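Letters A, B, C, D, E and F name the chains as they come in the text, with residue numbers starting at 1 for each one.
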């Protein structure tokens, strides 16, 4: 839309400000005008992503354009990871007859989680007060407008922040479907995810990222467990990965597993999905700085290095152990690198990222190739092998590699433990995350099993979920 | 390219400034130097997307980095919507033998419209003076350089603004091709679009968005019709949707319609296109704030909510009425949500967006499934059902749901009518838009019919347009 | 993830500053505090992308958010060009049995080049001192942190700058594989590229873009050859294109060329790749301003115009010479336009871009269609015809069309020669680039040939590289 | 028993199927094939390269049926598949010695 | 020599192949086909349009073999392909007059 | 009339087509098939899973022609398709009882 808003902007921003500062200054009691020096200091605070002045009225009460633009871009990038990134990454790996079911699951989860997030999810995660779960003050995005919420990000609109966080809440349950692909009812997926958000995601996200969360080591001085997780090793990858394992055990193996070929129907789609995941992950990781500042810059670099190195490592492992590096290996390494560096990216240096990349290429490789074969569970698309193993690995490596050189915020509440006992706190967070995911998912899975049911019947599974659950075919190529 | 431009930048920006302010201060007559207070105020104006100082020389005469970066990103995102977003969304829905014809149409339209826009289009839409059509002062982008045009956006380069708007001018006619897909000559598409830009698009865009436009309710205090349309409900969606209906009636039905199966050849491509449309639409909607400010933040949120909810609603309607939610239903809902929230996104709150989302899921669903079946026109890919119906719906809902709480600019020229009679003005804009699109398209369609001709012959249509018009095949899979 | 960094930011930025300014002020000897006027001047410098104050301590020592956000986005966009852009553009053009080999080459090159770049590449290109090659001071990204490197970009983190440049180093060798697609061993590609980076890319990039580079006409006042190349006509396109010609001559023709059909297996993938290349190229070209300033704005516009016009021109040439415009023609025109405008985009006006677009549509068209047929080399996917021809053409046209009106930086070191003898310097740069690429590639190709070998055997080439080199199939559609 | 093999134009499948159903035929098997014959294919051009695609996509219908049903089936196919333009296709009849329905084990005319 | 043509359900291919191998059959050719018969297809809905896809994907197996091997091959196929549900498919036997192995030029029973 | 069915290696199609044209054959039908025989397929590995793809892509050519043309056609195919390596394929000859050109209604030898 065209605007000549210039003349009106004073008005605009004052409108915004009144809303924004409502909690600080009682309506009616106006703050004093700032001095010229204070105005300059606030402009500098914008550039530095520093704290706003609270004792005087602000001349720039809205979001700061550079940071706000960045977070809008990042929110779009994280959505891009799910739609179509993850949908293609997974969709390419299933058989042709089930490709649409994967796309429908990703789309349906995006819609469902949006509604839950709008209604209560955002509030349960980011509203005060509580160390396990937030409150209801932001329900229906009440009061969540274009002003910033200084508890989380000083220069980004809170409504943008809420959408950015929502994109994380969307991709997390979507990761789970990889483990049970090709053999779960559409209704079962939606019911499982709907419950899982309340039982696992919202509490975990609040505990790790909520300003008063139990495990928010960086920002909550009173947190019991001083763990750190920059962009979601626990909340996103461990939670989905461990839940995926439980769910796929309860759902059972695909019909014909081990007897009929279940080769990916399109490695091309899988590779497109991988590339989109990589690009989108910059929004996920560097965006988690919630500003376009130096910490974002650092996260951008560590993400890139760990990912590329994990990709090479995985492919090299294949080349050595079987004589051929595969596209799926290169892609799996990319995803494993991205997953593993996620909790670490804003806390480690580029050298730390290189170390993470090597581990990220090896451990998930072993999990997918050796462990799965040894134990025999049917984690169809390796959600457990990549996300649970990678996320757990990353969480622990972060405990050892995090350094205030990479992120000075680590020196505030955690100065005593970084480089020393931090890894113990990471283990604590690991334990809680796994326990919550495993127990929560098991309970929900049985609930679904005995209500709408988990699996299609044999005939349906043989025909494929696309036709059975959606009445469509992925390709009509005659 | 590498730069050490730092030392030169004073020079650079002065160069820009001279050009930019040419119209305000006569060349030669230098403006006074600003005071320190004025300099700080101008920096604040940048952060706030407020108005520049005009009475003194500016120390920051170029574009503002945060806003300018944002609009470059948004321009790229809107192009991404057409190439490859819309091309895939439509391309996946046609039969295999016509997929390339759709891609060629989108690519060809992008090229053709770029040339028209560069030559006269931008000028006819955004140059003064006129309430129906602009003038020629910006022809060949004359004088359109990196300085901002304060009539439209104070902190974004005018040349970036011109490209951003061009991307809208590209996608609009590309939307039309969905209705006549699989049965129209390539030359006919290009000729139709070439004329249509002059007859329908340029006037409509000027009337709605031109600073002195007839229907620019927000910014033109003298506008006859005080309509509001944030990102293109009239200019983009209604214009293309109603034109599509007319064109598909004149072109006639596809050979064999109703007898042979015309199922989408690749729902996978269609879903990829949908996802790209969604992502790109953030550039379309939030970018229409022309700044990374609080209004953009709000548009980002309303766009997300309406889209996700419309997707769920459409799929739920399918689930209820036919027993299965389909991927095409989820995708159609996404697009319908995006279309319907387009005119509203910068003017309504998040609650308003939820209401829009529900309507957007239902009305276009009914139009595509019931209305089309009842009336029997062959709108092949439902351009009318989604874009005309969704755009019209959105325009009217905006009349009821717009509020100065979401966008304080509504309080300036429209304080009297917002929340009261605004919807009547919306109806007025609706009438003019439909009349222009319907009459204009009919005239042009007959002109094309009797010159280059609209349809391939029966043999050609049977073989498919890819081979006939382009000498290529979409897939060679043997 | 979530932050309340606001209170800590002073600390953060001081931490960064100490590192950043280490070279300027000896540790321990603190700079003086800036005056209010100096603080305002520095904020203005941020907006203008101007030079920082060096004589006093900075209150905003970190990266500037608008510029930093922009360059992070651009770095992601340039990676997006390779993964999946180029991979799909090339992958769609090969036969079905070789599609994965192309994807694997692009992925493998991304990984390999990242490792080289991290270890020594960045240092050899951007560390002082030397006119042919840089030094080792930045090896292992030592000292490359979130502070800016004022030699290159005053308001962008140096680590982001290093990643941005890395994305160029990734796509360049990936372009080469198009010429030898469908008939080269995976190991050979990796070995060739590994050596080629040291022999061709790193020296060339340093000569053209290094602050003290031999051919850096814009910024190095002492450069011997006063050439200009905004975004990589020499470093990226000519280097890869000429190397591709040499390599494909040494590798030899595909088996059965001219006898069996080698039609693209998926023009749809090719078009998706083209669109992604176009979108990503905004990061490549407008990002090369290294700031979201007016020069970036100008590059955005010239890139768009030249690309769209080249696409139309190429398709028109096909339409005239053979009766049908093809999707491959439209796509080839897009890429040719992007390539040709690359060296010019930041130096020419929009009118200049239109001229470039027309040439870019014609010359590469003739090279791919006539020259290749006449000479008979098997440049499978036309890397030479598009990138070498387009890049060379663009370099020379830049010599004639560059103007200080578009980029005032041209007036500093080059005021005397722009518009006069600049084209002679461009010819000089052309000669050095071609010589280095041709000789370097020939030597390396023979080295590879006599060690790991270049080609698979006849049986393997017949079966296809996907199964032979990677043990996978692109599509399993039964 | 006999086996009828008919090569037809793809867009005629619906018509042929209906005609056969009317003629009492209940089962058949259809195969996508490439036909070479009098009807010519098309030319594709990709940058410098020109390819003549000299096959035409066709469908082959296979029906096994009792001897006495052959005549009417052939007539039904021929009538439904005819456009009168080159490339309409062929009908061939081959002898069949035995037939078996897997599900039931029935043999001979009962199996088809 | 005879030619056996068997239409089976796709997911039975492995079983049938193994059964044939056990019965001594070493070579065969397999074709993807669409079957029309008692077993019905499915319905697809795309926005307003409903399509009945009335074919079912099947595989056709073709084996040429000496007369004396026919019986056991038929039995092997029938046993391995049977599920007892509609759509299990058919087995047809046709006469073959000659066979030739291209590589060696061998003829007759030796060629198959 | 006879029907020749030849299974060949896909990349030999051009050569076989030319050879048949030289031998006077004007029409034929080609089908993509999967071959199982002496020639073995390949192995694919996807993360932990290994699949042996034990079919080989082949083309089947079908030609119906007058009895007296059979010999030369077989020779033409055999010569053109031979590489001497395992997997070159087979040629089978089956009896045909009737042929009809749909377009014209011509029957017998005139129809092919």
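Quick note on the criterion: contacts are C-beta pairs under 8 Å (C-beta built on N, C-alpha and C of every residue); 3 or more make two chains touch, one makes a residue touch a chain.
Fair warning: this is a prediction, and the values are worked out from it, not measured in the lab.
Chains making contact with chain A as well as with chain F: C, E.
Both chain C and chain D are touched by B, F. Residue numbering shows that chain A and chain B use the same positions for less than half of their mutual interface.
Measuring from the averaged C-alpha position of chain B to that of chain F gives a distance of 55 Å. With centres set at the average Cα position, the gap from chain B to chain C is 31 Å.
Residues of chain B in contact with at least two other chains: 36, 40, 43, 46, 64-67, 69, 73, 261, 263-264, 272, 322, 324, 326, 328, 471-473, 475, 477-478. Listed for chain D are residues 31-32, 44-46, 53, 94-95, each touching two or more other chains.
Contacts between chains, counted with the stated touch criterion, involve the pairs A-B, A-C, A-E, A-F, B-C, B-D, B-E, C-D, C-F, D-E, D-F, E-F. Interface residues of chain A, counted against chain B in their complex, comprise 1-13, 15-16, 36, 39-40, 43, 46, 59-60, 62-69, 72-73, 75-76, 79-80, 83-84, 87-88, 91, 99-100, 103-104, 107-108, 110-112, 114-115, 118, 140-141, 144-147, 157, 159-160, 162-163, 166, 186, 269, 272, 469-478.
Every residue of chain F that touches chain D in the complex is listed here, in rising order: 1, 3, 17, 26-31, 64, 94-103, 105, 111-112. Against chain E, in their complex, chain F makes its touches with residues 2, 6-8, 31-38, 55, 58, 60, 74, 77-78, 81-95. Here chain F touches chain C in the complex through residues 11, 14, 42-46, 53, going by the rule given at the top. Against chain D, in their complex, chain C makes its touches with residues 93, 261-264, 318, 322, 324, 326, 328-329, 332, 368-370, 372-373, 382, 385.
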